[in-house]
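Please find one structure pasted underneath; my questions will follow.
Order of writing sets the chain letters: A, B and C. Residues in each chain are counted from 1.
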Amino acid sequence: MPNKPMLKDLMKTHGVSRRAFMKYCASLASVMALSPAMVPRIAEALENAPRTSVIWLSFQECTGCTEAITRSHAPTIEDMIFNAISLDYHHTLQAASGHAAEEAREHAMKEHWGEYLVVVDGSIPIKDPGYSTIAGISNLDMLKDTAAGAAAIVSVGTCAAYGGVGHADPNPTGAVAVSEIIKDKPIINVPGCPPIPVVMTGVLAHFLSLGIPELDELGRPKAFFGNAIHDRCYRRPFYDKGLFANGFDDEGAKEGWCLYKLGCKGPTTKAACATVKWNNGVSFPIEAGHPCLGCTEPDFWDNGGFYKPLSVPSGDYRRLGLAAVAGGAAAGVAGGLLAKATKAKAAKAHETVDAHDLEKSS
Amino acid sequence: MTATLERGLNALREQIDAPVASFFSSCVSCGLCAEACLFYRATEDPKYIPIRKVELMRRIWSREFTLLGRIAGMFGLVKNVTDQDLSDWETLVYDSCTMCGRCTLVCPVGNDITMMIRKMREGMSAAGHAPVELIGAAQRHTDGNSPMGDLSKAIQAQVKNAINETGIEIEFDKPGVDYMAILSAQEIAEFPDVLAAMARIFKKAGLTWTIASDAFEATNVGIQLGSRDVARKLVQRVVDAAERLGVKGVISPECGHAYQALRWEGPNLIGRAYNFEVIHIVELLDKLRAEGRLKTKGKNSQRVTFHDPCQINRRGGINKEPRRLLNMFSEDFVETDDAGTFNWCCGGGGGVGANERAEPLRHQAFKMKKVQLDKVEPDVVVTMCAYCHHTLDNVFEEFDMEQEIVGLTELVAEYLDDDDAGSGEKA
Amino acid sequence: MNNEAFDLLMWARGPAFDIAIIIFLGGIVLRVVEILVLGRKKDMAPPKGNPVGQGIRTVFSRTSPPEGLVKFAPITYIGGYIFHIGFFIAFFFFAPHIALFEDAFGISWPGWGRAIIEGATALALLALIALFYTRISDPIRRSLTTFDDYIVLILSALPLITGYVAVNKLFGDPTFMMALHVLSVNALLIAFPFTKLMHAVTFVMARYYNGTIQGRKGAES
């Protein structure tokens, strides 16, 4: 396709130095935990790849994912936009609006049919398509239309990946994840509420340079979602020593002890928070003193309460237990009385025996 | 009336109470009771594991005394107890258990297996599965005055002998005295010297006592047989006599089960506390010693050891008293291994000694006691139960053991300080 | 898309635990009340000792082994002690378990370090293996052992194994292993009132009764 500018040329146009580009490739390899030997391969792939058209669809979402990705530090979204992708449609970030905006999407689709990348944030309501529309088009229709010509889909954020808050009980809109609707395209899930910005850009970069990364059974790139937060958490030694914060303002909290007992979902949550961290690697929720909510996991809103330790039963077991005690006591009294009746009957049947009554008549 | 399975099962049902239910609920089949059991240790045959001996009662409890067991029973998960079962269990319950109580002491969850054997025997006897010797003894005792037959002439004669020997008057049926003494048939028949011993000691201590001519027998085969009705009848005789004579107390003699029968089971059998106290002869002697009313002179230089009767020490709580008495005059008193609460049974208690069928097993079981004695090699074995005395006499002969066996009361009397004028009533 | 392991964990700590706790508590109370209602006749014999005092004392004192008997059943005694102590440490001093008690009863206590908890767990498991072995090899134990005993052994081992595997991530998805751990505990809870596991509650009554019977006579217990 002659009208597709090569990245190499673009870099020249934008005055990006070779040195800056290699640095960028190295930082990419590093966030994805790839070997440094991969850096030249990434560079070569990126240099020789045409800028991929990206269509970003925002459905039932809060814009938190977009807010987050614009704060990515390495690579920055600007880097991405200028160097590697052509962000042809994104509500929040594009200048155009209304019909012009939709035209941009349709244009990009037509132009790059079969090659463009669709990024989705937000869940899709299927109970009534009217719950969420853009330019009169329901989210469901727009997703189906757009996905038809996509090379792959990246579901950014837990809403797009697993339904998120929209899908949370009682799910009034019938919100579902992208993967519930699109079955014939490769889907990369990048969950999180929001996902770590670097993870989002890293996944995009991986897609552009090396293709679809290796995914886990929940469709997440293993490079970022391979380990439980608990196993990489800097507070883990306190867990192992049995030192826990029991409240948000107690001695344990001040000492920075493990937040398990405050409901931390680190042990069951796979994400890169504890290693990549947020805001240029400054901190992450647990470091800020708050237990992990488990936001990269499906149904995290409904997983038994944010502040309930994982080991604590999630049901109404106390009330049920009390009822069981009462029921058991009643049954016990009944059983005991039956037993006493058996005994009383035997006692009533007792005829005083004499020493001569102790042999069987033969 | 005749013994039937239904009668037996009913008797078992009557015996099941909260302690029994808690014991069966708690057993984890750890088998530690076996390690404590005389019969298991001597034979190492798993059929003698104590808790197995009460399995039939467990089945009745489970099937008829628990809701869950009733449901399980409906599905055929708990077997009914048949007459054949009782027949199969007869030797386990009567021949291989002296109700010595060691298992009760070691059970980690605290099951009183001994007490359950006692209860098991209620069912066995009512169903006609008690050993014939025990039934015969019960008939002789309830029809007459002793399990050995009519001993009234014998007791009269033995008392006369004691009076002649000591020159101290012993009156029958004397009301208003301090104590009424009762004796075990074994003492009357085999060890009558105890009468003279008591006469001398009590005289010295200034204690008045009598013997009831119609209730001199202390043993109670109803306890060993497992028949509350028989046991009640026999206890009632003693209670009636004691209350008629208006004594302060009844002296339970050197006999293990007699002490259990009169002091601990008796009030429950007749349904009320007595109007008199029951005191074991050794308890009484130790009390007199403590009060300075029993003094000894001279020393016994023989190597002496003590055999604790199960029903008096382990099951009766009299442990230190005999030792304090022995130490008054013994220069070489040695304790055996496991002496005291964990002493090994002579093998004849609980009716086993009267049971001819059980004799080979009893002799085998004596092994445990023999090991104890062989280790300390005593000249004299002192005890405070005439039936232990009787059993040891027999097995010593069987095993060619030379040691002398003597009752504690007799031995105390031998060293009684008759000259001390400081205490007691004038002769 | 669902995380099946986490959904299983949620089911295990949600509805499954609710059912298990109902059966566990209801069953225990049923069996204990049944025993208490059955009652026992008042003992008419004037006590020589202090039945109640000795009953209470025996509940505790029976915990120590009788002198000289350990050498006759060393596996049962030593294995029994190690298993019980190990299980108790792992159960009561692992902080996530304490969190459960805190949630249920509002009381908590300091947890112990992982090295102690895991050591106790491993020892308890080894003890269970030894106890299993003695049930098979020793004639006394073998002749007494019923299906119930094996069930109890296995059900006691499963929470230890799954807990150890889940915490140490030995194999399997850790969330899945955690779910299995909770499910194995649920199985233990459900089986409790119907098996010899009941001894963990009724031993108090049995020891107490034993103590009162012996105590009335002034005899040791």
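Following the convention adopted for this analysis, a residue touches a chain if its C-beta (ideal position, glycine included) is under 8 Å from a C-beta of that chain, and two chains touch if they have at least 3 such contacts.
Every value quoted in this text rests on a predicted model; they were computed, and no experiment measured them.
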Next item on the list: Determine which of the two chain pairs, A-B or A-C, is joined by the larger number of C-beta pairs in contact.
Entry: A-C
Next item on the list: From the Cα centroids, identify the chain that ends up most central relative to all protein Cα atoms.
Entry: C
Note to self: I'd like the Å distance between the centres of chain A and chain C, where a centre is the mean of that chain's Cα atoms.
What the structure shows: 39
Margin query: Roughly how far is chain A from chain B, centre to centre by C-alpha average, rounded to an integer in Å?
Written below: 77
Next item on the list: Two or more other chains in contact with one residue: find those residues in chain A.
Entry: 331, 335, 339, 343
Next item on the list: At least two other chains touched by the same residue of chain B: list those residues.
Entry: 16-17, 21, 65-67
Notebook entry, point to check: Where does chain C touch two or more other chains at once, residue-wise?
Noted result: 27, 30-31, 34-36, 38-39
Next item on the list: Would you pull the chain C residues touching chain B in the complex into a rising list?
Entry: 27, 30-31, 34-36, 38-41, 43-46, 48-49, 58-59, 62-63, 65-69, 72-73, 76-77, 80, 138-146, 149, 152, 193-194, 196, 198-199, 202-203, 205-211, 213-214, 216-221
Check: Which of the residues in chain B end up touching chain C in this complex?
Finding: 16-19, 21-23, 25-32, 34-36, 40, 44, 46-47, 49, 51-52, 65-68, 104-112, 115, 263-268, 271-273, 277, 313-319, 337-338, 341-342
Next item on the list: Using the touch rule from the top, collect the residues of chain C that touch chain A in their complex.
Entry: 1-3, 6-7, 9-10, 13-15, 17-18, 21-39, 93-100, 102-104, 108, 110-117, 169, 174-175, 178
Notebook entry, point to check: Residues of chain B touching chain A in their complex?
Noted result: 1-4, 6-7, 9-11, 13-14, 16-17, 21, 64-67, 70, 125-128, 130, 132, 135, 138-139, 141-143, 225, 227, 229-230
Notebook entry, point to check: Inside the complex, what are the residues of chain A that reach chain B?
Noted result: 331, 334-335, 338-339, 342-343, 345-347, 349-361
